[in-house]
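The two complexes that follow have subunit A in common; it is paired with subunit B in the first and with subunit C in the second.
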Partner chain A sequence: MTTTTDPHPTRRLILQGAASVALLGLGNLPFAPALAAANDKYPDEAFKLKNEADAIKALYGRTAEPSDKVKLDAPEIAENGGVVPISVTTTLDKVTSISFFVAENPNALAASYRIPDGTIPGVANRLKMAKTSNVTAIVEADGKLYSATKEVKVTVGGCGG
Partner chain B sequence: MASSIRVRATSNGDITEVQTLIQHPMDTGLVKDAKGELIPAHYIQELKFECNGKDVFVANWGTAVSKDPYVKFSFKGAKKGDDLKISWTDNKGGSDTTTAKIA
Partner chain C sequence: MAIRRRDFLKSTAAVATSLSLPRLARGAETASIYDLERFGNARILHLTDAHAQLNPVYVREPSVNIGIGEMAGRPPHLVGRAFLERFGIRPDSADAYAFSCFEFEKSAGRFGKLGGFAHLKTLVDRLRGEAGERNSLLVDGGDLWQGTGLANVTQGRDMVEVANLLGIEAMTGHWEFTYGEQALRDNLERFKGEFLAQNVFLTEEAAFNDAAAFDKATGRVFKPSVVKEIGGHRVAIVGQAFPYVPIAHPKRFTPDWTFGIREEELQKHVDALRSTEKVDAVILLSHNGMDVDLKLASRVTGIDVILGGHTHDAVPQPIAVKNASGTTLVTNAGSNGKFLGVLDLALDKGKVSDVRYHLLPVYSELLKPDPVMAELIGRLRAPHVTDWAEKIATPDRLLYRRGNFTGPVDELICTALRTELDAEIALSPGFRWGVTALSGQPFTMEDVLAETAITYPETYVQEMTGADIKNVLEDICDNLFNADPYYQQGGDMVRAGGLSYTCTPTAAIGSRISDVKLNGGKTLSASHRYKVAGWASVNGQQGAPVWDVVAKYLRSGRMLQERLGAGVTLMGVENNPGIAG
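Up next is the complex of A and B:
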């Protein structure tokens, strides 16, 4: 009797074990991209989102508050939307990243910079703008988000309009 | 082929200022060519600066960064003559690397 029933419980155990491992594996998957957004890997998802608020959420998982300690420097009027010089500096401490968003672009997130310890929290770059839009710079400092926004008028779009 | 990366790193006391210009089309995937066909997206995704074995600046870029991108930043802790290694990778698997001496 015992010899014939024994194999069954063991097989069941093995199957149960396999099933729970599979479940764990599936359960882990949705969390991986969220963790990746914490700066180490290329934030693919955030770059694909159209809406600025969604992109900020995907990149940082929280919202930013406006701060006068973030200084965004952008032209009032950009003649060529293909090349808009935009820079940001900040007096905030413990800055870990700086990101640029162009609200009216097909994809709001334009660029995100990781600022390691010892690097001055400031970046100058050139972005494309499809049309007149608000440009937002977000500075992540000591785990909090601070932002500055400025409207840039574009006379000729830079996204192939 | 000449490097796609042009970099100027100048030391001023403890602070090193880095200016970089990269030759890259940065195609958005939204623009049509003369035949009316979409030019597929082709853009730099990651640009990394390393100095003395440490990352000093990492850029994650989308298609909204201008063609032939320019970027400027400053960092502390390097001196004249140190090597600054710059490397980028794009969405099609292309990449380039160069090393500049801090002047």
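Up next is the complex of A and C:
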């Protein structure tokens, strides 16, 4: 599955909805093969790995450097760990892929999107999170990897002042 | 209660201590604490977290309010003597009694109750009268509509009437949301002021289904701000509701709405107010909690003053926070109607040139109750006052709620739950609202309700493994002691009855709680299943309301003969000034 964004809001909303349904499997993904960044094959191996560093290596074969040009939007505390809205936009040029990792999930790689040439590099999706975890977004641009990380807390709730 | 006016007069230097901030002038030393020296051209009065306490109350400030990381030893995480020293308040003064836990019981007899809306009305009218026509504004920071039996049965309608008579012109919310969307909207129909919240949005599903919103384009459910002409200048008030409503409370009350701190949206909105609306000042009316506000002030630019609430911190002076484009002052104005914040601004074209701030204790013994407000309060209370006036116990010790880990009120609630529901362990939420009852004074149903009146009061009994219990303690402890304020929710630690444990606030989540033992001294086993009673669950429950369970226990006469609570041992916070010595 190739997911792109579209400036037209209605279309984008529908695409987001589709992505969220598809991604609810906690790594056990029932949908048609997504196109990985590094090559055009479904990154079967990367989705199966438990550890974040291993998954990044399997997907991209190298490491990412943190960049303030990757804007990761995620709540500090999730209102519902089952559907956590997380999005990425970037001012980087020549973006070819955007991927999301949830370090503490059973399988760290949550989603990977190929960004076709000429597409606005922005992805909004909802991730299922097992527990409090760092969420990392990696943007592949002009052959290099850039990342942003934010902790998202998943709490039992209650007991507010 | 004998009140000696000279006790007050002795203490009237109030909090006129030097401020580290050059922008702030020193408070004036005057003969009466309510005679404020005239200053500036615009006066904003700030009330917050009144929790529907219509009549004057006793409320003891906490003796444990620990700050860790960057917040260690900084306001608001100072208690007792450390607090008094930091703000230059004499230990024997009325202000020491109002602002701190220092010798509370002794001073309660000397200085009496604080707050009460008839007394507040007198003070508000006086301060607005002095400022002159069109030179003042009265705002409320939320948690106005909840905290008493009366507010609970009227779903906050009583407080809307009181707010209208008091003259509140703008407010934001927290517990207001726990009456659900319909009751909230009905109340806002009657409210003469504006309800402001820049950080409440429709969920995508609700937006798709065309749910009601103030602004469909942004998805904002409520008006984010209002621009008021005060003192001949344009002042923007931006509302910031409690960011974690659907997490701290059952999601069923606000199914269509999503909250959060929303720093980026706030920045955009403040920028637009500055560039498009050409306002001279931007005030954030916030229910974030003080630690969150202090962090926000360092990151969001263009806000002159944050008038803060939620964490119930009575902080006598604003804290100045530097950010990329200037300085933002952060205040927090206490709780239960005990205090009224007075922000005097000297406004110029496009800027605030100087500021004075006073957090005035509302000493009910020094203020004549406003007769019209007193009449309204009497009328609102009339249908219930007889039912709730019955004395059901006489406390043998001071009953107060506040404290990071426990307090006698919650120890009592936990004991009542364990006894009446026959459970080994009880869990009770770390709410900060609730009033203080003196020992030897009658304790009534109205008092029980003032500690328990919420819209999800159902009790429960369930089995939990020792591992589950430890996880709950860890999870909630992180809401309190996460080093990053944005991950804190602003309540206190869940109260655990029938358990003792050691807590290391400076540790990471998962490692703060250790040595958990049952009351008999047996170590909690991770795999064993325990019978746990509780209330205020975010999941739907079916048990009797907690106030009935507590009242039943108290009526049995057992009250407080046994020593309550097994206690919490603290580690790694020795010499922390958030713990009273």
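Everything that follows uses one rule, which is that the second predicted complex is superposed on the first by the 117 of 161 C-alpha atoms of A that agree within 3 Å, B and C clash if a C-alpha of one lies under 4 Å from a C-alpha of the other, contacts with A are read in each partner's own complex, and residues count from 1 in each chain.
Here is the rule we use: a contact is a pair of C-beta atoms (placed from the backbone, for glycine too) under 8 Å apart; a residue touches a chain by one contact, two chains touch by 3 or more.
Quick caveat: nothing in here was measured; it's all calculated off a predicted structure.
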| item | value |
| --- | --- |
| Touching partner for A:T155 - first (subunit B), second (subunit C), both, neither | second |
| Touching partner for A:V102 - first (subunit B), second (subunit C), both, neither | first |
| Contact breadth on subunit A, by residue count: subunit C or subunit B | B |
| First, second, both or neither for A:V70, with subunit B first and subunit C second | neither |
| Subunit B versus subunit C as contact partner of A:L145, first or second or both or neither | neither |
| Touched partner set for A:T132, first subunit B, second subunit C, both or neither | second |
| Intersection of the subunit A residues that touch subunit B with those that touch subunit C | 158-160 |
| Contact set on subunit C toward subunit A in their complex | 174, 204, 208, 242, 244-249, 251, 258-261, 264, 289, 310-312, 429-433, 471-472, 475-476, 478-479, 482, 484, 486-487, 489-492, 494, 509, 536-538 |
| For the subunit A and subunit B complex, residues of the former touching the latter | 42-43, 47, 82-84, 87, 102, 105-107, 109-116, 118-120, 122-129, 158-160 |
| Subunit A-touching residues of subunit B, taken from the complex the two chains share | 15, 26, 28, 30-32, 45-46, 54-67, 69-77 |
| Subunit A to subunit C touching residues, read off their complex | 13, 16-17, 73, 75-80, 85, 132, 151, 153, 155-161 |
